[in-house]
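Both complexes shown next keep subunit A, but they swap its partner, so subunit B is in the first and subunit C is in the second.
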Partner chain A sequence: MFEQLIDMIFSASFGYSIIRITSPILFAALAAVVAEKAGVVNIGLEGTMMISALFGVLFAYWTNSWIIGVIGATAIGILVAMIMAIFALKLKTDIILAGIAVNLLGGGGTVFLLYLFTGLKGNTASLTTPNMLTPKVDIPIIQNIPVIGQIFSGHSILTYVAFLLVILVWIMLYKTAMGLRIRAVGENSHAADSVGVSVLRTQYVALAISGALAGLGGAYMSMYYSQSWNIGIVAGRGFIALAAQAMGQGEPVGAMLSSLLFGFASALGNKMEGMQGFSSYLVASIPYAVTIIGLVIYAMSTLKKVKRFKDNDK
Partner chain B sequence: MKKLLSMLLASALAVSMLAGCGGGNDANKETDNGAATEGETKVYKVCNLVNGNLGDKSFFDSAEAGLAQLKADGRIEYTTIEMGGTTEDESKWQGYVEEVSASGEYDLIVCGTYQMPDYLKNVAEQYPDQKYLIYDDTTHILPNVANLSYAQNDLGYLVGVYAGAMTTETSLEGINEDAVVGFVGGVDSPVINDFLYGFILGAQESNPDIKVDTRYVNSYVDPAKAKELAESMINDKNCDIIWGVAGNSGNGAAEAALETGKAYFIGVDSDQELTFSPEMAEITLTSGLKNVGNSLIWFFDEWDAGREHFGKQTLLGMKEGGIGIVTDKNFDSKTPEAVKEKVTAAIEAVSNGDVVVPTAVGNETNEVQDLREAVKP
Partner chain C sequence: MENKRQNMFEIFRGFIAIAIAILVAFILIVICADDPGKALECLLIRPIISNGALNVKSIFTILARMTPIIFTGLAVCVMFSANQFNLGGEGAVMLGGFIAALIAIYLPMATGVHALVAILAGTIVGGLVMIVPAVIKVKLKASEMVCSLMMNYVIMFTILHFLNNVFPDRSKGATQTYPFLETALIPKMVPNTELAWGFVAAIIATILVAFFMYRTRWGYSIRMIGINESFSKYSGMKVGGIIILSQVIGGMLAGMGGAIEMLGRYNTFLWKDLPGYGWTGITVAILAKNNPVMIPLAALFISYLNRGCELMSIYAGVPAEMIDIIQAVIFLFFAAEHFLSGTRQKIVVKDAKEEMQKKELATAGEGGNA
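So, the complex of A and B:
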């Protein structure tokens, strides 16, 4: 049995799966990172992704172009984030409540919007044409290397964008003036305010970036991963991303690693489903169990570090 | 800014109210027309409560079509109320059932799916003279409620016979010679396993050495997860035919089949070929049907004939038209004659009782689970 499992883990399709499962979570985790850095909790990622996923399909359907679909999904992501920002930052609602509202809107409001625009009520499977789906990209040279090529080549263009964005978000946060302002506002908004940084404006910008990233995650879900939109399509990935952000200590690279860990655990669960003697309920909990174990290991290592630091102090 | 927001909100409210009124008017019109075509036999007044929306291309549309047929034949007049299907809408369902029951206008109130029994029970006990019908659920048996359920094990058997025979038909592009088929279920639950039970037995009927890879999505709305599962079935286990019994999630299995180009999909509940994009319809061989609409017509046939089915569970199979398998379109064009004959024979055998498929519902002995593990590739 374990031989079978190990065979499957060391297959190229397993690595490919991990990257594909990780991508939407990574988009959302980066979205959470940027918002968190500016001191706002964007708990509305799930709903934002749901709404963007729908509009990505709709824009792509109307124009028969996936590019317009992706741009539309991103724009809608920003729009939703801005609505949240107006409520939270200008009208001073609790941001958590605004986020919950967005999630509820993403759950029920999307069905209403779908019906309004298309007359459909459950899913958009009948609308999909090949032009509406984000294309797969074969990376030259790499695609010809055995195993490596099968794992890293042939993903959706958005997957490469997601991993590229890890670097871009890092550069934005640590190498640009905007990033400095975002971090300053997140660390101590009063201090930032006292040196003339507009706290509100910075938080607006951070939420907009967060919304755009979540929007891309939504587009990935409906325009590549699932090839159509349906009720509840995001299925909790927005919340998992919040966990990935926390587990990654709010850093882009950390968030990427924890997203990958989650992707690995999910892919492992999917393979184990097909083996004899595993209850599907047990298997379904693997990604979450792995996340908890990851957190425990991380906390233990931090504790050790702190202890060593204290010991040295003595 | 605040002003603008409140204006927006107010207009949104106004629009939604207007939309609500519009729906109501349509429904009224329908009833009026129905009254005009009154025949000699009793014309029943029926209220159809949809705990979701029409347009699902599945149960709700099927029930609606059955009622429309009955109305066209001048046997009933009916009103359909779409109660909405989101978590937030659920809080209103009880109110709707209560309201239409209290009105006393209807001879029969129809609702369905596993989500409704508790709401129905609460109200049905208060209105013992009101008659109700609930389809695809048998949770509570009440004297004034007719429970219609569908022999999904028989349905599974038919699909299994077909899949088991097709998986070695290498003349069809994409089919490999390995006798392995797949089953993507929603949740490891008695109803889903009832489909599975029949499916495995049917597949074994066609090919005693068949392997069946069964995996559960654990969600009815996560096609992406179903896609991962199905791809693993196709790539790791050489599955070439996958039956998706998982609501919206099932579509993910169809996508996996399309993307890998090495497998075919079979739909469930309704004719899914009709609901897909052309590319996905192309790799959908057939669908196992639960004919809610037919079962409602059957129910009124029985009622008119003086046979009442209230206060008990009525299991509808092939004979009553409650279940079926799609045999036109792709099935017709892609299936070799020998396999078609096998399916026809299986339909025959199930309808006249030559084959009795055991059920997983209420089965405490875990026979399905043991069988499921035994046939895993």
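So, the complex of A and C:
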């Protein structure tokens, strides 16, 4: 049984599915990173992804164009984030509660919105046409290399966007004035305020970026991964992304690595499901359990670091 | 006395928040229902009055559906009071229900004792699982929120594994366990309705939690830590222990709610998803402003709306999920501290001015006497 498992892990198709599964989590994890850097916990990622996923499909259906669908999903992601921001930053609703409200909207509200706009109940499978799905991209040269080509080529265009965004988010955070402001606000909002950085404006911008990234994640889910929208489409990925952010020490690259870890756990689960002797349900819980273990390990290592730092001080 | 006016304002603000939510609901109904008048009637009136007569059965249903969300509301109330955003209520409810179900099926006992033991087991297990995020938070400073969210899924899939592979009743078409033994069922308060004696248990729990939060040392510590953790620490409270305690109590309440709901409403375990009571509990706690005494009232309100939405989907074709939009809107406005802050500011200023005038008068009076 284990031989079978090992064989599978070292197959090219397994690598391919890791990347495929990681992409949406990566979008959301980057969203969590940007918000967290500005000192805002965006627990509404789950709901934002749900809403964006729905509107991505709807926009694509109305215009028969996946590009407009993706743009629409991103715009809706920003809109949702802005609603959250207005309540959290202006009206002082606790940000966690505002996020939970967004998740409520994403959970049942989307079913209602779908009915409102299309009269459909529960899913959009009947709307899907090939034009609405984001295209797969074959990377020249790489696609011809054995194994590597099979793993890295032929993904949705959004997958490449996701990994590119890791770099872009890093540059934004560490090489631009905006990024400096975001980090300053997150690190110490009073200090940032005292040197003339508008804390509120910075947090609005960070949340908007966060919403846009989550929106892309939603678009990936409904316009590529599941090929249509349904009520269970996001399935906790927004929450996993929060965990990936925490495990990745709040850094874009770290978040990417932890997202890949979840991708690995999920892909493993998917493959094990078909094998004899594994319970598909227990296997499905692996990514979530891995998250908790990862959080614990990360927290322990941080504590040790802090301790060492203190010991050195003496 | 000055506070009275501010309290009145708080109540007024709550009503405005609810009014906005209902208004949003109206607009959505008008857009999407074929017969908006009928839909509105279903939402607002039909839960208690149908065809000109009191809809007794529906009223009992509303009361019955309050039971689990009172428990989760109380759970959230205790945990959030200590500023612990533990969102594991969902998992604790499902686990409490499942453990109670197993005992109800496989451990024969005398009537009365059986249900109590099953509920107690659900309660304890609910409390035990919450130790995980609580201890991780206190000892390792990791987010209890993320941990509890992940735990919900682990609990759900583990239960589904046992439901599908270990305990299923294969003679039935649907995935479910064997039926509960008669001895374990919680009797109905009113025959042929959904209302079981669990409702009374929920009210008793409310009183106990209110007593705990406002009349005991631990309750005081929990609230103090929520208000100012550093202050609590430096005034000598065992902050870590209290934080763990608050989450364990929250888990116990949620687990008890799940067990009571399970044995009071069903006769076999067939939940295939997280039941959602944990999230509703958060709405309830927000509406009640984390005050245990107000929890049943808030639960009644949500339960009423829920029933209204259900009837609306049956008779007027508006999806029942509208309840989530209404809840979200209430949620946002209710928790918005600065909502209508201008008006509040005016009231505070007015109060302050009046007080100053009074003082001036008093000192002027004293001056006159001297």
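Here is the rule we go by: the second predicted complex is superposed on the first by the 291 of 314 C-alpha atoms of A that agree within 3 Å, B and C clash if a C-alpha of one lies under 4 Å from a C-alpha of the other, contacts with A are read in each partner's own complex, and residues count from 1 in each chain.
Keep in mind that, in the parts below, contacts are C-beta pairs under 8 Å (C-beta built on N, C-alpha and C of every residue); 3 or more make two chains touch, one makes a residue touch a chain.
Here the structure is a predicted model, which means the values were calculated and not measured.
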{"item": "Superposition on subunit A - do subunit B and subunit C clash or fit", "value": "clash"}
{"item": "Contacts of A:Tyr115 with subunit B and subunit C, given as first, second, both or neither", "value": "both"}
{"item": "Touching partner for A:Ala289 - first (subunit B), second (subunit C), both, neither", "value": "second"}
{"item": "Partner chain in contact with A:Glu273 - subunit B first, subunit C second, else both or neither", "value": "first"}
{"item": "First, second, both or neither for A:Tyr281, with subunit B first and subunit C second", "value": "both"}
{"item": "First (subunit B), second (subunit C), both or neither touched by A:Ile96", "value": "second"}
{"item": "Which superposed partner A:Gly196 touches (first subunit B, second subunit C, both, neither)", "value": "neither"}
{"item": "Partner chain(s) touched by A:Ile43 [first = subunit B, second = subunit C, both, neither]", "value": "second"}
{"item": "Subunit B versus subunit C as contact partner of A:Leu303, first or second or both or neither", "value": "second"}
{"item": "Which of subunit B and subunit C A:Leu104 touches, first, second, both or neither", "value": "both"}
{"item": "Subunit B and subunit C contact sites that coincide on subunit A, given as residue numbers", "value": "90-91, 104, 107-108, 111, 115, 121, 279, 281, 284"}
{"item": "List of subunit B residues in touch with subunit A within their complex", "value": "1-2, 5, 52-58, 84-89, 187-188, 213, 215-216, 218-219, 221-225, 227-229, 231-233, 235-237, 248, 251-252, 255, 275-277, 279-280, 373, 376-377"}
{"item": "Subunit A - residues contacting subunit B, complex", "value": "8, 11, 13, 17, 20-21, 24, 86, 90-91, 104, 107-108, 111, 115, 119-123, 125-130, 221, 225-228, 230-233, 235, 266-267, 270-271, 273-277, 279-281, 284"}
{"item": "Residue ranges of subunit A touching subunit C (in the complex, touch as defined)", "value": "41, 43, 87, 90-94, 96-98, 100-105, 107-112, 115-116, 121, 236, 239-240, 242-243, 246, 279, 281-282, 284-285, 288-289, 291-292, 295-296, 298-300, 302-303"}
{"item": "In the complex with subunit A, residue positions of subunit C that touch it", "value": "28, 31-32, 85, 87, 132, 136, 140-143, 145-147, 149-151, 153-154, 156-158, 160-161, 164-165, 279, 282-283, 286, 319, 321-325, 327-329, 331-333, 335-339, 341"}
